[in-house]
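Structure provided below as structure tokens; questions to follow.
Chain naming follows the written order as A, B, C and D, and within any one chain the residues start at number 1.
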Amino acid sequence: MTFGHEAAGFVVATGPEVHHIAPGTFVSPEGHLFCGFCRMCRSGRAHICENLRILGVDVDGLFAEYAVVPERNVWEVDPRIPPDVASIHDPFGNAVHTAYSGGGAAELATATVAVLGCGPIGLFAVGIARASGARLVIGVEPNEFRQALAKQMGADLVVDPRTEDPVEAVMAATEGHGAEVVLEMSGVSAVIDQGTRMLARGGRMSLLGLPSEPVTLDLTDQVIFKEARLFGVTGREIFRTWQQTTALLATGMVDVGPVITHRFALERFEEAFEAMASGRSGKVILLPQHPA
Amino acid sequence: MTFGHEAAGFVVATGPEVHHIAPGTFVSPEGHLFCGFCRMCRSGRAHICENLRILGVDVDGLFAEYAVVPERNVWEVDPRIPPDVASIHDPFGNAVHTAYSGGGAAELATATVAVLGCGPIGLFAVGIARASGARLVIGVEPNEFRQALAKQMGADLVVDPRTEDPVEAVMAATEGHGAEVVLEMSGVSAVIDQGTRMLARGGRMSLLGLPSEPVTLDLTDQVIFKEARLFGVTGREIFRTWQQTTALLATGMVDVGPVITHRFALERFEEAFEAMASGRSGKVILLPQHPA
Amino acid sequence: MTFGHEAAGFVVATGPEVHHIAPGTFVSPEGHLFCGFCRMCRSGRAHICENLRILGVDVDGLFAEYAVVPERNVWEVDPRIPPDVASIHDPFGNAVHTAYSGGGAAELATATVAVLGCGPIGLFAVGIARASGARLVIGVEPNEFRQALAKQMGADLVVDPRTEDPVEAVMAATEGHGAEVVLEMSGVSAVIDQGTRMLARGGRMSLLGLPSEPVTLDLTDQVIFKEARLFGVTGREIFRTWQQTTALLATGMVDVGPVITHRFALERFEEAFEAMASGRSGKVILLPQHPA
Amino acid sequence: MTFGHEAAGFVVATGPEVHHIAPGTFVSPEGHLFCGFCRMCRSGRAHICENLRILGVDVDGLFAEYAVVPERNVWEVDPRIPPDVASIHDPFGNAVHTAYSGGGAAELATATVAVLGCGPIGLFAVGIARASGARLVIGVEPNEFRQALAKQMGADLVVDPRTEDPVEAVMAATEGHGAEVVLEMSGVSAVIDQGTRMLARGGRMSLLGLPSEPVTLDLTDQVIFKEARLFGVTGREIFRTWQQTTALLATGMVDVGPVITHRFALERFEEAFEAMASGRSGKVILLPQHPA
């Protein structure tokens, strides 16, 4: 069994059709394998390709010593980005794409932004909102360890939904107006409903978290009368999001240091999984020996 | 009791603060009374004013011999628009605003557009989509009388949801891709769910119909993985939508003739209400005596 | 010597790396050969690739019995489009891309659109503006033969700049407001200046015509105080424009019949060139024998 | 003679029609007096009103003990903004509107931004670009005093056009790609030309500076083939820009401290004018006695 699609590593060998990437290059792969010819691919939306296959889901993934990836799915890592950070291009890109969806970064500047769920991707989103000119960044997260990380990533306010009603907390922090942008990272049905309730008139909620069941919403009062916009978000734009990711990571605009809480040599992968499951971790990185 | 907010008529008298509209002008009122000073008003979104009052709902409406309306809520009717058509500026504007929401008219040109619910506003939306460059316009409507009107307004295909599954019908008409734009006019919970299912990847559904209960949606498969966008829509943009409405009506780009199925003198209002309730009508117009 | 890049034809043979296009397919090539890896390609703007090569300019073109084109540059022609019309995908796409640039088709719906220069691409633009919901379409063109074609393509008004001042004519036709959209197809310095002068406040001018010398503009009064926007336009979006082109041509939304004024068998190419040079032609098509 | 339109002060008295602003409120006026009824006003673009009058230009301005301003032109100052900073809402708003024009703030995040001319408005623009997520901010300014201020406002690089070619300097700093956003604040013909030359493919130049003569540009190579966009910018959006301005100033996202180089009591206005003319100043503030 192989799975996993977040990684970075060195190109070991290339086929005869590869002209742009040389062996020895340090790269990170875009995990969405796209056909290049369907309506979505040919309108600049390859990440929602009609024939999409995903590394580690539909084809062998990156939990392996070597992986084969099409050249056009490979992103050359900016030399200013260290190897451990390089391995999070993929989930960081999820956060960028969610934050910049719809009106793009335009809606972040000077806005109040609420991030629902501060796992690693939510934590990245906090940092991206902060770096992109948000006026006020609010995180909602029940796990205390991650609440602290959200603060470190730049959240002005972190709400614990176990002790406080998140909708009331956001309203209180915004003079009753609500958040102009809500970034939904939890995939929890009740949280998505709360997201619509904390949304300001004319606001935007971008949904990356995947609810496992149908979600019931008060569309009339929370979406239609408010002229709210709900955006589904998946993957990352190929490769616009990677360009934005590089700008944010390579220049230090977002410091992901606090999110990477653990680093293990590859052979200690069992400890790494324990750390992931512990509830007291952000991103956990496995480091193989590498020739750099 | 007074209610109603769709109307057109002559200005009879003006107050000392009125400088732009003279007595005798033929006008139609924007029924959303806005404060002009809240965050929404001051960012160009007066139609979702935080202190909104609506003619015929919050204040006396237009089922009256005379009505008092703030000058800034009054729209001077283009002289090419006949008086009966003038009275539908308001609902026609709902249809314009719904069709042009989000990416604006941009998403209509060359797109497949499905209109869910072909009451008067849905029928207008069919005509607007057709005039704005839609490739294929599909109406969904159970009422046979209105099915015929949808055809007359320019629908290429009208689906009867009593005998056909609308999602399957739209998929069949689009080679399985779905509709790029869905305009939801029914407010029926199950129809909204169908709207998400017939939506193409990357598509947009604009919601004007008001469901009377919470709506359950399959967000994961029908919105998030497809990167669909759902837009709440209410009222009309003040007055950008009126400018667009004027262009569409005054130049004949949309002929609303088929939708106006009945015209009555004002005193025959009881017959008019019967016609409205009959299920065999489009828009029903009451015509008072007027000095034109 | 080979040149030319507008064409359609049958795929005769494919290489081992070609998986999506089979021999016998009727196709039209996108003439911009892009690298796929530069910043522009990787942000969805391959048509302004930093390593761009153009068929018939930088590499051998399509004035040849056979041409070699990368698979990813090939567009399968919709079967509803006849072969002669298929050969104008490329210039028709220029017109689509110019018309839909910036705010996209959104700015055409309900707008006044002026097309400066009604050669074949300008004539296509007239038809596209008409099909996309323009309220008023004005052509400016000195050649009488082409003035007549502009009328046939749907222009409401055609201005002869030899006898009338185009700026005054546009102002007169718009109650002094000017055109909201100007599509510049002439590449003539003085005409570009006129374009800025006929532009409404807040308007958009898209520039496709290539002036052969620097252009002097009154930026202060005609662009800055009016908050006008000037957009450079080149080529076509790959392949979003082709999708739009297909929708417009295959459904009959734009009938290019009037623009294709001449058809010749390939061996009569000398007559074809004479027709092109005569000033009494629109698009001139050469028809080789073909196995269809 | 009265002129000037940048100011903040206390409301002394209000007329009978004023309902939203009370005497004693600390306010700043929007200097563009708009009609509220023309096509621009009614499409959310009052700042380019067709009947525009400007405080201090068309009507008496704010170099006076008292001024009369329509209520709807008055902006209540956020209490977190100190009085001296409050007086620069107007020029700061110019900078916000220029920076956020077109694609809005979206194009700033992760972009390279060049600011041409670092007078007070240019200096504000440097700070706004920095706060809105620009990757690299480059100022171009010949005055050494202001070069230092540009650095203090957050410019990564300041180019002296007397000793360095600004186009070459920007290209060198961007690996030859150019700046994605150019904010033109100088109004100097040659600088505007340079702006187009330093613009990246697909880039945007927003023009606020007012050239006193026609400007000659190489449209073909610097705008059309690059698909660059040139945006005229004037005034500020009423009041969206003021909302953004408040967010940027009240939260400390932009610290305008370095730009306000001089503060004088009102009676020392002659010294203030000398400071302005000295070439060794940023913004010069006159402070009347006030009842706060």
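In this section, contacts are C-beta pairs under 8 Å (C-beta built on N, C-alpha and C of every residue); 3 or more make two chains touch, one makes a residue touch a chain.
If you're wondering where the values come from, they're calculated on a predicted model, not measured in any experiment.
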Co-neighbours of subunit D and subunit C - touch as defined: A, B
Euclidean distance of C-alpha centroids - subunit A vs subunit B, Å: 38
CA centroid of subunit B to CA centroid of subunit D, Å: 40
Where subunit D touches two or more other chains, by residue: 39, 43, 243
Arrangement of touching chains [line / ring / star / complete / other]: complete
Subunit A residues touching subunit C - in the complex, by the definition given at the top: 17, 20, 35-37, 39, 42-44, 72, 237-240, 242-243
Contact set on subunit B toward subunit A in their complex: 39-40, 43, 45, 47-48, 50, 102, 177, 192, 201-202, 207-208, 210-212, 214-220, 223-234
Residues of subunit A defined as touching subunit D within the complex: 100, 103-111, 131-133, 135-136, 243-244, 247-248, 251, 253
